[in-house]
């Protein structure tokens, strides 16, 4: 048994799922059930989880069944991010927040300067902050220093599907901080998820890779198994790489590069 | 439902497992059960499956439970390969044979010239031949032309754990032959298996990646899920790759290279 | 003819060279001459270019022959960086400064928050600032917004020799800013330099790859030619990638990944 | 000084150039001069080098100035390859032949079985044989055993521009044979050439990468410098790869893969 524990919260699955880009709340629910995820992230600015007089995503993904992780997607300033994070917290839905302070509408890359500032404020107010950040280890350290319980570096730009662009940076982040590292953004297919988990990251959050697959339900199942396979492979301890079975010395980094 | 069918044989799993390098037949059985494999390959020259008066692997992996795929590992000439392939066939254990004609004791790379010749003779004798070959599409075509029911190109040298060294070659083989393509040799960890399956190969045979993992049982489970995840991901149809979500054009091959 | 021009300064070479890790000032000079570089960067905190009563690097690399680019390596705070940048500027050696605000003594990764702040101040004082930064495009934009004449993103950690870890990020930076992009840190061998230049970056600064080669003089020549080859290859416009010559469609990003 | 010597022939350049796909013999000559190549390969079946009553490529690339390497491109059987190889040899133009026995019109992949047979016959007749082969080390060994003076493995399919698809195979070939290894086919840009040379191959033959560049003359210069840079970088001995400068242990193969 190998649960992910962050703070005093225990997670059933290391796969976290976003709710954007689905044609209906019913479909969103079906896909998330298939993925086995218990953490579901929702853009407070875009998807209704606060008003009871409109179709509400939480009717389909109730907090009794799932851990709702409100996020501040679409917020471009510290003030905006604080506003929506507070709205979600004060609604009583969850003390958790995936904090996004977006720096660029084209790439949706984070504004790490604003991110650290907003995180500090939200932590001081009692939020449990999961920051969407770049793969910069110095920023990761600052986020932990201001009280974030985990860091969520991007593997590649949001919605790119490029996979783990910079494994070296993720490794350095894992060496640098002692909180869990959840890869957020960039995974495009099942092997990307397996690669990330095999590196030893603690979990993965994804949205587009599932929502934009030709068959999202089948991809959700693929991702569940890929995350599990990658985690087991990490824990099992892989065989050494060699140029061939009887090679006299282990391989240095020359090959795949 | 998505079974692998080769000739008139239907396979429960797309993960095929080798039996070398385990400390005991008991352990071999436990690992294979964990992997979910129904095809088990055995080196006729090295592991007893023919004599009843010695400890016999088939007592642990009976043909009633598993599809036994005798192989000619350790055979360096056409004559040797034919001899052991015939021994296995005439014993009645299986009409299948994984044909290996090894060209080099250091790398265990196949001798493709001898391979095509031995395959032609065994097919004419009624064997169902699965050839261990290089990733050369012209040789793959010759193997099919002489009657092989599948081709089993290496992903990397036997026992290397280097993963899919040349996806371009595997893709060309899949374009070139219409029989199933089973990747044989080179997989080192779960993500390697997922990557291969995601490319669309029909199955994977592996041994060292499981047997030499620090925890073979856990790696066996990882591989089962990775093969399943990779297959599902292939069938589900991945999202397109883009430099970022709002990029105006899809990515050409420049990035990952 | 294809000179690099930044501000009103024209550069003879797109290869910029560091001066650390050489056994003597004589050797430093020989290697730099072999590299063809006209920009030479010097750590003001570590190497004497200010005092006339000690062995002075500028006796070997006089500003009449080379463009001296003082840098603030070893500075961990905005205050330290400002202090050494001002010392260099006020000495009259050069109005240029390669600004480093280091965030972590282990990886020598930049502290991008401090970097933007220090850059703003130095620009306002009249310095011509070349900031050593991460590969974060939002930070690159901020640096340009405060007046930097170029950005110098790392290709990989200082002294790692890992090569271009994240070509996607460099491409996004090149799309995002209109000032020249000089890759700083991470190049390990000649092909790394060629790859970077072929992507279209404007220049490369390196130190360890030359200084720690077994034969620094020969590697300096290799780097000169690699930078030139990569630049020409970029300008010449490469052939398209295809799975094979007669392939019906160009390749997507699936291969190298 | 570092000349390539094969048999008793000394080569001025490690870059060998093909003559296909140019609009005129004049342009072919200009590009080859710019590349610095002294070896020029010509498809005997396609380009006139034998008849004096027609426009003859050798009027533009005379054997007094260049080493002409006739090749058997377009030959799909042993008989065809022998016929054109003999025509070239008997014409007195050169005792050298780049032997191609093509196995597949789509990918232009070699038929290695036919190749070994044709090589054996041509060597016995006195030809100096440079075989275009796959990256199979067992076939490379067979080619040397029948008397080839070098082996010319493909880096990727002819005309693909995919670069060095399988560095592991090239390394194994270099470990396996003691004759020079000339990479033939697959290079697409200058960094591909630098990467191959940096691995320690003895030379590179290319055609499409230059001929199909938007500016072939400029790409020819790029390739000359890239081959030189890669060779120097190989000889100079690169710095070790590390996760960062102060990392306690060298990197295994995990990163680039």
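Quick notes on this one:
Labels A, B, C and D are assigned to the chains in the order they are written; within every chain, residues are numbered from 1.
Following the convention adopted for this analysis, contacts are C-beta pairs under 8 Å (C-beta built on N, C-alpha and C of every residue); 3 or more make two chains touch, one makes a residue touch a chain.
These numbers were taken from a predicted model, which means no experiment stands behind them.
Hopping across touching chains, the smallest step count from subunit A to subunit D is 1. Taking each chain's centre as the mean of its CA atoms, D is the chain most distant from subunit A. As a whole-number value, the distance joining the C-alpha centres of subunit B and subunit D reads 33 Å.
Between the Cα centres of subunit B and subunit C there is a gap of 47 Å. One inter-chain figure worth recording: subunit C and subunit D are separated by 35 Å, centre to centre, where each centre is the mean of the chain's CA atoms.
Within subunit D, the positions touching two or more other chains are listed as 106-107, 109, 157, 160, 162, 168, 172, 240-241, 243-244, 251, 253, 255, 257.
On the subunit A side of its complex with subunit D, the touching residues are 167-168, 171-172, 199, 240-241, 243-244, 250-257. Listed in rising order, the residues of subunit C touching subunit D in the complex are 105-109, 157-162, 188-191, 193-195, 198, 208-209, 212-216, 218-219, 221-226, 228-233, 235-247, 251, 255. Of all residues in subunit C, those touching subunit A in their complex are 103-104, 106-107, 109-113, 116, 134, 136-139, 141-142, 156-157, 160, 162-163, 165-166, 168-169, 172, 176, 253, 257.
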